[in-house]
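Residue numbering begins at 1 within each chain, and the chains themselves are lettered A, B, C and D in the order written.
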Amino acid sequence: MTRYAYLGPEGTFTQQALLSWGPASGQPHVPCSSVDAALARLRGGEVDAAIVPIENSVEGGVSATLDALASGDPLVVTGEVLVPITFVLAAPAGIKIEDIRAVGSHSHAWAQVRGWAESTVPQAIYVPTLSTAAAAKDLAEHPADLGYEAAVCAPVAAQTAGLEVLAHDIGDMANAVTRFVVVSRPEWQPTPTGRDKTTVVLFQRTDRAGGLLELLEQFAVRGINMTRLESRPTKESMGSYCFSIDFEGHVQDERVGAALMSLHRVCADMRFLGSYPAASGVEVTIDPITSDGAFIEAREWLTSLRSLGDH
Amino acid sequence: MTRYAYLGPEGTFTQQALLSWGPASGQPHVPCSSVDAALARLRGGEVDAAIVPIENSVEGGVSATLDALASGDPLVVTGEVLVPITFVLAAPAGIKIEDIRAVGSHSHAWAQVRGWAESTVPQAIYVPTLSTAAAAKDLAEHPADLGYEAAVCAPVAAQTAGLEVLAHDIGDMANAVTRFVVVSRPEWQPTPTGRDKTTVVLFQRTDRAGGLLELLEQFAVRGINMTRLESRPTKESMGSYCFSIDFEGHVQDERVGAALMSLHRVCADMRFLGSYPAASGVEVTIDPITSDGAFIEAREWLTSLRSLGDH
Amino acid sequence: MTRYAYLGPEGTFTQQALLSWGPASGQPHVPCSSVDAALARLRGGEVDAAIVPIENSVEGGVSATLDALASGDPLVVTGEVLVPITFVLAAPAGIKIEDIRAVGSHSHAWAQVRGWAESTVPQAIYVPTLSTAAAAKDLAEHPADLGYEAAVCAPVAAQTAGLEVLAHDIGDMANAVTRFVVVSRPEWQPTPTGRDKTTVVLFQRTDRAGGLLELLEQFAVRGINMTRLESRPTKESMGSYCFSIDFEGHVQDERVGAALMSLHRVCADMRFLGSYPAASGVEVTIDPITSDGAFIEAREWLTSLRSLGDH
Amino acid sequence: MTRYAYLGPEGTFTQQALLSWGPASGQPHVPCSSVDAALARLRGGEVDAAIVPIENSVEGGVSATLDALASGDPLVVTGEVLVPITFVLAAPAGIKIEDIRAVGSHSHAWAQVRGWAESTVPQAIYVPTLSTAAAAKDLAEHPADLGYEAAVCAPVAAQTAGLEVLAHDIGDMANAVTRFVVVSRPEWQPTPTGRDKTTVVLFQRTDRAGGLLELLEQFAVRGINMTRLESRPTKESMGSYCFSIDFEGHVQDERVGAALMSLHRVCADMRFLGSYPAASGVEVTIDPITSDGAFIEAREWLTSLRSLGDH
């Protein structure tokens, strides 16, 4: 049995991600009120995995997740899920668009529908809520007590809450996608598949001139393609950053191992956050000079060079 | 007269930044409800400058500001202000810490006091608000109608609203600082001072292998120190990013001009967001081989090489 | 009238290069006994051009030429000629291969036929001469006074001297080629043709870590292809080197001008040795981002950025 | 017993190098007429070591040695010797400077005294000989049969031959030094000393854009200092080069092993020519992030990351 914590309540996009994650089918699902809460339960052993958002194609990195993974007891990513994001404007039966004075939603969702809102409900002010699903649920349960008459949420959240949908597909960007990661304690590791990604957090040495360039070169010289780079403050002083990076390949791959070892030397500190199958399912393209075979051949050659007796 | 828009209402950290910005003294100050609103007024000509947060030493880049500057009609940064961030827990007279069931604040502020809150008011849930100052103001004006009994805000916001301070200095990180930028329409440019910064947004060509490394090399080969790098989604598809970058030097400096010209060639697109005096006031260290004199001498030498008659 | 000095006497490969150099047709040809002598006459104004060997596909760079161009009064390359190199074994009438006890030739030629000699005239010792043509000429004129009975030289040298050819095409490498350069005083410059090369000599700063890598990056970041790199001692101390480099493009090309200016800043010293049409006649391939148009557009963009009034 | 072949005859600078090589003391010394001959005897097993010149501070790399080591049966360098080079002008008793019509010497030696010769014996022509020592010996034995009356050679060669010295220290560059290498069959390897050098020959892949830059980066990213780079034609076609490189460190050093393995992957071909104590005796400076300890720690860290069970 694998218990999954997720960012709830029911009806969140995170729940949608969890429902589309095959291995979670038939397993217990535990809703949590925040990313921190979900990861705390995982670290504490109350659950065996957690699914949290890490990156949105419109709003960017999810700071809470990036920061929670970069510090505290070690956790590793063991999978990822991509969920297309569509928003609806939902309200209790009887409310019309022209009645709406205020709209409740999570700030990330609001950022993604702002253009639509300005042209369609220009009279409405924005009221922040803890999640899109909570905006819908509260509106269904206590319509009179809140400062808003409509919610921006996922279609499923409107349906679950029993709200009416006043407008469909109101996101400013078609094709918005959120990427979720499945997180575990570092007790096991997904098998390499040839279409893997690896996530790390790198902390620069402050006493070295090269900076970020020196870190990125470690990937480049080994033909490793970087798919995400997010800088996050180390929280120590203004201008002190660490880098959260995804790149193609698995820790068991030779070229990835070589890059990780170099980064371990070059960085002040480094956190390995797991290797896992990419949701895209696209095979990683490997330059023949960085194939496992090329690395193994080079190592055997070096061993033969070194094997001569001393004198 | 220079009219300044700022992220209001009164009592926000942005207002503190504005009050500490010398040139704004004695000028009209116009509070706005969001970064977007402040920049829209500037673009529309209703004000002559806007002051908005861009980066916090604990929470990182301010996405709304980064995105609003990176698109739409061109704007430029003409100055920056650093404001130390301290939070208080404030409530109407008579409320005690043990009475608190919920706390209202802006999500960025809540993220910075979460550790303190978990140990001191573990029973309290979090209620999001539009700003820290709004949390305080609303609590003072309508204490019964809100879902919270206390607010996390700046000391000045508690004072302005007439709330009592139940706890001082509750931020989890001492020395937290937020950096604000003064933004103008691109009609003028601060004079170089020798201690300047420049801000740009770079969009990668998708058809080039080098990627971010190739962009950063343009700074490195000219001895230019990068002080901030933030990746932001271009909003087109998952994994498509642009880079918001600050670096030392002024567009009028030779080495900066050379780097900008190279980036203009190498990038798919690029937005210049201004050169302005650094708040730190520290003189930029320049390697002699990248001084203005070295560039000018090299250009004169090339001119002499090229001046020979053809044949 | 253009007087040409060349490395003589008649019958040298250098003379062959001169004869195949169109502009020299019908002009006075002045044989000289060494590269130094030819360039001294050019520097002294006794001739208007000199043609000297610079690189052989088997033996490598010609040190005498590289060093003579890298120091002394400035000279520039204004053209290049490729000459296929074929050697014969030649002797006075009546001499048979089995009679040969010693063979005279220039050391560079001997190095190129050593394999053939070891298998065909293993009994013969080698006697160094000043040039291949001199070996043949002396043998024809004073067969008894020299320590050798046969010469290794160009077919034309054997013919000119009236020697018999005992063996044709005796070079160990088929397709050996020597590259000659036409050198002038820096009074004019060949017009760009789109298939040009440029030659420079770079002296590293001893106080910089990057070394050669930093120099080569100046070409790489501008998409400039290097076609020859030769290190030569600066003659000051063991391990102190300068670099003689050929690369594609003309000093009038924007990307070449940009690279030269950067090198001027980065190098301790630098000597420009001319831009001239490549003998290959192959058009230089230019990445669109390093085209003249891309550079000009970038410069105009920078000018517009800088044109804002100060404040 | 270790038999040493050297570039003879007696009185050459190579013999001086051999005499100053401690381990050769009391062992058989075998003079050979050329570098090729000396290395052929070593390859054939007739001797156990050979000592040959590889680099002169004024004339640069010794092509014959570089090419002979780069091809044929593998050999390795096991030591190096630096010999200060001083030249004398020597002649049979009774000859005065003003009588001299021609001077015999090896072409490399002549190149190093040309300035002196032009000002002191301007009337004299140059006659090439097989070595400086041979010029002296022949002049002493057959003064009438040669085309020259004086020789440029080492002081010891003049003394051995019984010639009188007409002028001392006639080299154009004070402090000229030639570097000799002790070469063995690849049957053993000098023990690391902390002040070692390694020599390799690298052949570029013709199908890769990076070229030489990509090869040099392998040293730079591991903090390895290159002390010599010599390009040599591969003899296949004009413009096809390999690179003979010396760098600091021993094949048994972690950072050197890592660089060699990378080069093995990146190069079309590569030849390892040995690790040996540097004649300078200066300890190699190692950045802590490239120390053996740093590499070992990184490898252990990777091993622990990889040791998790699959799933």
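Descriptive notes on the structure:
Criterion: a residue touches a chain if its C-beta (ideal position, glycine included) is under 8 Å from a C-beta of that chain, and two chains touch if they have at least 3 such contacts.
Here the structure is a predicted model, which is why all the values come from computation and not from measurement.
Touching chain B and chain C together: no chain.
Touch-path distance (fewest steps) from chain B to chain D is 2.
Spacing of chain C relative to chain D, judged by their CA centroids, is 24 angstrom. Centre-to-centre, using mean CA coordinates, chain A is 58 Å away from chain D.
In terms of their C-alpha centroids, the spacing between chain A and chain C amounts to 59 Å.
Multi-chain contact residues of chain D, defined as those touching 2 or more other chains: 217.
Taken together, the touching pairs link the chains into one ring where each has two partners.
Remark: chain D residues 33, 36, 55-61, 63-64, 82, 107, 111, 114, 125-130, 173, 175, 177, 179, 210-213, 216-217, 220, 226-233, 235-241 touch chain C in the complex.
The touching residues of chain D, counted against chain A in their complex, run 78, 186-191, 205, 214, 217-218, 221, 251-252, 257, 260-262, 264-266, 272, 289-290, 294-295, 297-299, 301-302, 305-306, 308-311.
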